[in-house]
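The structure appears right after this line, and notes come after that.
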């Protein structure tokens, strides 16, 4: 089992951001992503759409440089005005070479 | 990118617990939470509600003292009688200062 | 709070694999699992079922030997022909002794 | 009696339920999507409330008081008889006995609807105010059983959980839709009602009921595997308790002046057990109770029994007493 | 006037909406499943389009041009009046003023349907081409308000986001179903239409509308808590702006040759505010705007106002002018 | 012929499908919620089964045996002709050829329903037992194709997966609802059926079909982008194979004594390809096969072809042979 150490970036954001964020992830070197619909509560309680509290949880497995790139982009583009939370976990990934940015 | 090292507490619990658990999390210092509906199987196979196996997955980003407080509370209040599993992962969080308990 | 260090194996796979994978996990020593419906995109873009991009996210809390066993099995059985991604995160688990393989 | 049984057996409602059950027995994974099942339930309850309200507005209310009193009495007595039988004869612990008693002290709206449909088919329609009685029977039984359970056990209750559980029952789907529907139905003008009636009544209502019972068959079928776990006593309890409560309900309905159809439906209500409102309330308030016991008994034993055999029996009793 | 108000108040549509609102006030967790709510909305829009298309095919198109011009004019004027009032009287910042103006420049299809149903009930049915007008009123107002917002603020726009937002409005659910439905309804043969008409019309359509409004009551009720946050000005705006736009719409409809029913419905369209198409477009293009302000105003103030009181008022105005 | 084509083209079913397709071409994100799509499919299959069962109970069964034999023969022959053509003419590998053959060896229930509706509209209704034939045609083709694929390739099968796949087909949604519906429809009393018939028949059934096809248009439209990937051969296969199988089905239906309408529907069944039951079975048993090929062919080529042009062609053939 070749376990490649990579990073899992988890982004929880308002649902309107699903499209622009996933597109942006691919543009910045991610090879894929996984999206889960969720609901929740945060400090701002920003409510867009007609269902308050709905959001999407986007997970993306990337290498460290891509992770940096993604984090910088989200911080700049979405932190000022949108309800977004982002965290990074270290993980060992099977077939990890598939997820290295090229 | 200021990555603040925090903890992600993941709680998978029977659906009836969504309300009391999320309320309790906020009372114990969490600044927010993210809930995902899931289904699954465990050792007990406790089945409440009319859909066996349904549960909720609650994620909460907190600092270490809050994490301790939450874990103690869940252990005491819910472990004896409810189907609950809890694990803690270390993560680096953007804008991490937002999620420190005050 | 007795936090036992264990591993969380996360498997994202095409939906047809939910049944065989979860059965296989239990056979290989997992004591339970948690399944979340998701959608996403990967390098292959394999599309089975009538909804392209749908997949399941399966999380399983296990000890290190069981994790090894599961990873080897998935690599051998599903990597060649199916859209599957697997990663492992280290976690501290409450009541961790419940999830040790016997 | 066999005639009546056969008519009931060959109704699309019973057959659809049987099909759902069967699909689980052949290990099919067929399922109505959860949200559709919920929506059908919402539709049925709201339609029931609306029609009940329209009827209330039409008929003089004088005949309703005695049946209301009788219904409340049933709501107080049934959780206690259940608890008593479960403790004394079944030797169950306090939490399990109280938890199951909460289910059998409340009511199943779908069983009620099936009974309403059955007596109409028999040419003995129930009084129009029966849905109003249904409202009265849902919560008292749960509350009494939970109170008994909380008082009799030694552990302390988690603060707030009982209050929360009661609030949830009182503002739950069933109460909002049934009570709300009654008010809306009562308030709308006859002309306005006529415009929407075909959507809430007749073939569409009954067709939705058929689909709902198809899925209830699947849901009940998922519990069949648990029948072994609950043991012989609960199996007997799930059949005999309804017969006792059913006969009691029919008799009291008759005393309160209900017609044969009305007494049958009141008897069925009395014989039925909750599997929607009671489970979460019990889970929150008496967490030591094993939910497998109570849900399997009410959903996999009592519900099918009432749908297939119980209703014709209560009807038969009603015709003997009052026909 | 009180008569008309009462008829409207006791319609199942208004009562169901009130029930939904009330269920939130008693803190019930009752909710139609989200997918069911979406599906009811899809059904209502598609049925509306189909029926509109069938009518278009039947009636001569000559009378439609003037109303179309008038509708487009309303689509251009209303976002500007809204923006002007919000900036000058309300002293709101550019993004918030433009964001709210986008909502009040567009339209609420459900309010439209309720108006259609109301005038039919009053014996003054609207012209068959009204749904065609609805199509014209949805997007221009959003686009104009967003353009105003983007031009007037200093920050730079995130490249592509405005284009994406406009594409989303133009290919959104409402446009696909309404425009698509119009084409399908126009194209089908009368015989083929007759076979499906009962599914898209009459009691089923109206029943679906009742269920939809039940849930809209819940959804609006969830926003009631935000009323405090939006302040007195927006509260007044959410009631007075519709009255102004409504009167304007009725008057222009009358000038364009519409009947009393048609002018009422055009007035209602003009008075209504979007809460489906506008919010995501505004969120993407003017992220500094607080969505709580715009959604609360359109969904928790203007929508209920129009449903309960507004429509009868616009009808009254229409009868004064044109009756 | 052009007349017949036009009637079919302007039916609400075809138009709704076209609208769904079109919505993807303008890159709209419109979608029926997945659960609603599933529920409509469940309703259509169950209604189909019920009505088939009611018909079976009414008519003498004597005329059904020959059509049954013929249908089973079609179930055995079609996967083999498909496999042969795909291997020899298309030069596809074993897994892909067998995988696609499994789709074309099975059947599409919605195409079947559209054909049923079409011949009824043409004044040549099919025999009442046609839904029974549909049941017979679904699984044999899948099983034969999978067996061929498993035997002809060199790799070993993952133990259990073939058995699991077959169990899943035999207990899948289609079988439960269709076979179950047939039994329920056969068993219910005529009086009981009449009470629910309007819910499962007529305008409601057809309206549900229209909504279902709207979403099928969207789903098929999502695959249009894959048309380039599958290449010219599969494009031709997806159109010509149905014509061959369709003509074969019509001819054999005629020989078996079916009416023009019945032969048309049997021909359509024979021409159709599965996209619900076959895909998961193939994915589990022949994982090396590329699912994009088989699903795109059956869903984005054959299904639209049959709905828009195929059914009128098979009807024309049936009138030539048997009219």
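Chains: A, B, C, D, E and F, in written order; residue numbering restarts at 1 for each.
By definition in this document, a contact is a pair of C-beta atoms (placed from the backbone, for glycine too) under 8 Å apart; a residue touches a chain by one contact, two chains touch by 3 or more.
These numbers were taken from a predicted model, which means no experiment stands behind them.
Asks: Give the chains in contact with both chain A and chain C, ordered by label.
Replies: Where chain A and chain C share a partner, that partner set is B.
Asks: With respect to inter-chain C-beta contacts, which pair, B-C or D-E, contains the greater number?
Replies: Taking the two pairs in turn, the one with more contacts turns out to be D-E.
Asks: Quick one: report the Å distance separating chain A from chain E, using the average Cα coordinate of each chain.
Replies: That pair's centroid distance is 35 Å.
Asks: Rounded to a whole Å, what is the gap between the Cα centroids of chain B and chain F?
Replies: Centre-to-centre distance between chain B and chain F: 47 Å.
Asks: Please work out the Cα centroid separation of chain C and chain D, and write it as a whole number of Å.
Replies: Chain C and chain D have C-alpha centres separated by 41 Å.
Asks: Residues of chain F touching 2+ other chains?
Replies: Residues 34-36, 204 of chain F touch two or more partner chains.
Asks: Quick check on chain C: which residues sit in contact with 2+ other chains?
Replies: Residues 36, 89-90.
Asks: Chain pairs in touch?
Replies: Applying the touch rule to all chain pairs gives A-B, A-C, A-E, B-C, B-D, C-F, D-E, D-F, E-F.
Asks: Mind listing the chain D positions that touch chain E in their complex?
Replies: By the definition above, chain D touches chain E via 33-36, 38-39, 42-43, 46, 50, 167-168, 171-173, 175-177, 180, 183-184, 187-189, 192-193, 195-200, 204.
Asks: Flag every residue of chain A that touches chain B in the complex, lowest number first.
Replies: Of all residues in chain A, those touching chain B are 10, 12, 36-43, 55, 57, 68, 71-72, 74-75, 79, 85-90.
Asks: Touching chain E in the complex: which residues of chain F?
Replies: Result: residues 7, 10-12, 15-16, 19, 22-23, 26-30, 32-36, 121, 202-204, 206-208, 210-211, 214 of chain F touch chain E.
Asks: Quick check on the complex: what are the chain B residues that touch chain A?
Replies: Touch list, chain B to chain A: 1, 3, 6, 8, 22, 26, 31-36, 61, 89-95, 98-99.
Asks: Within their complex, state which residues of chain E touch chain A.
Replies: 34, 158, 161, 164, 219, 222-223, 226, 275-276, 279-280, 283-284, 287-288, 290-292, 295, 299
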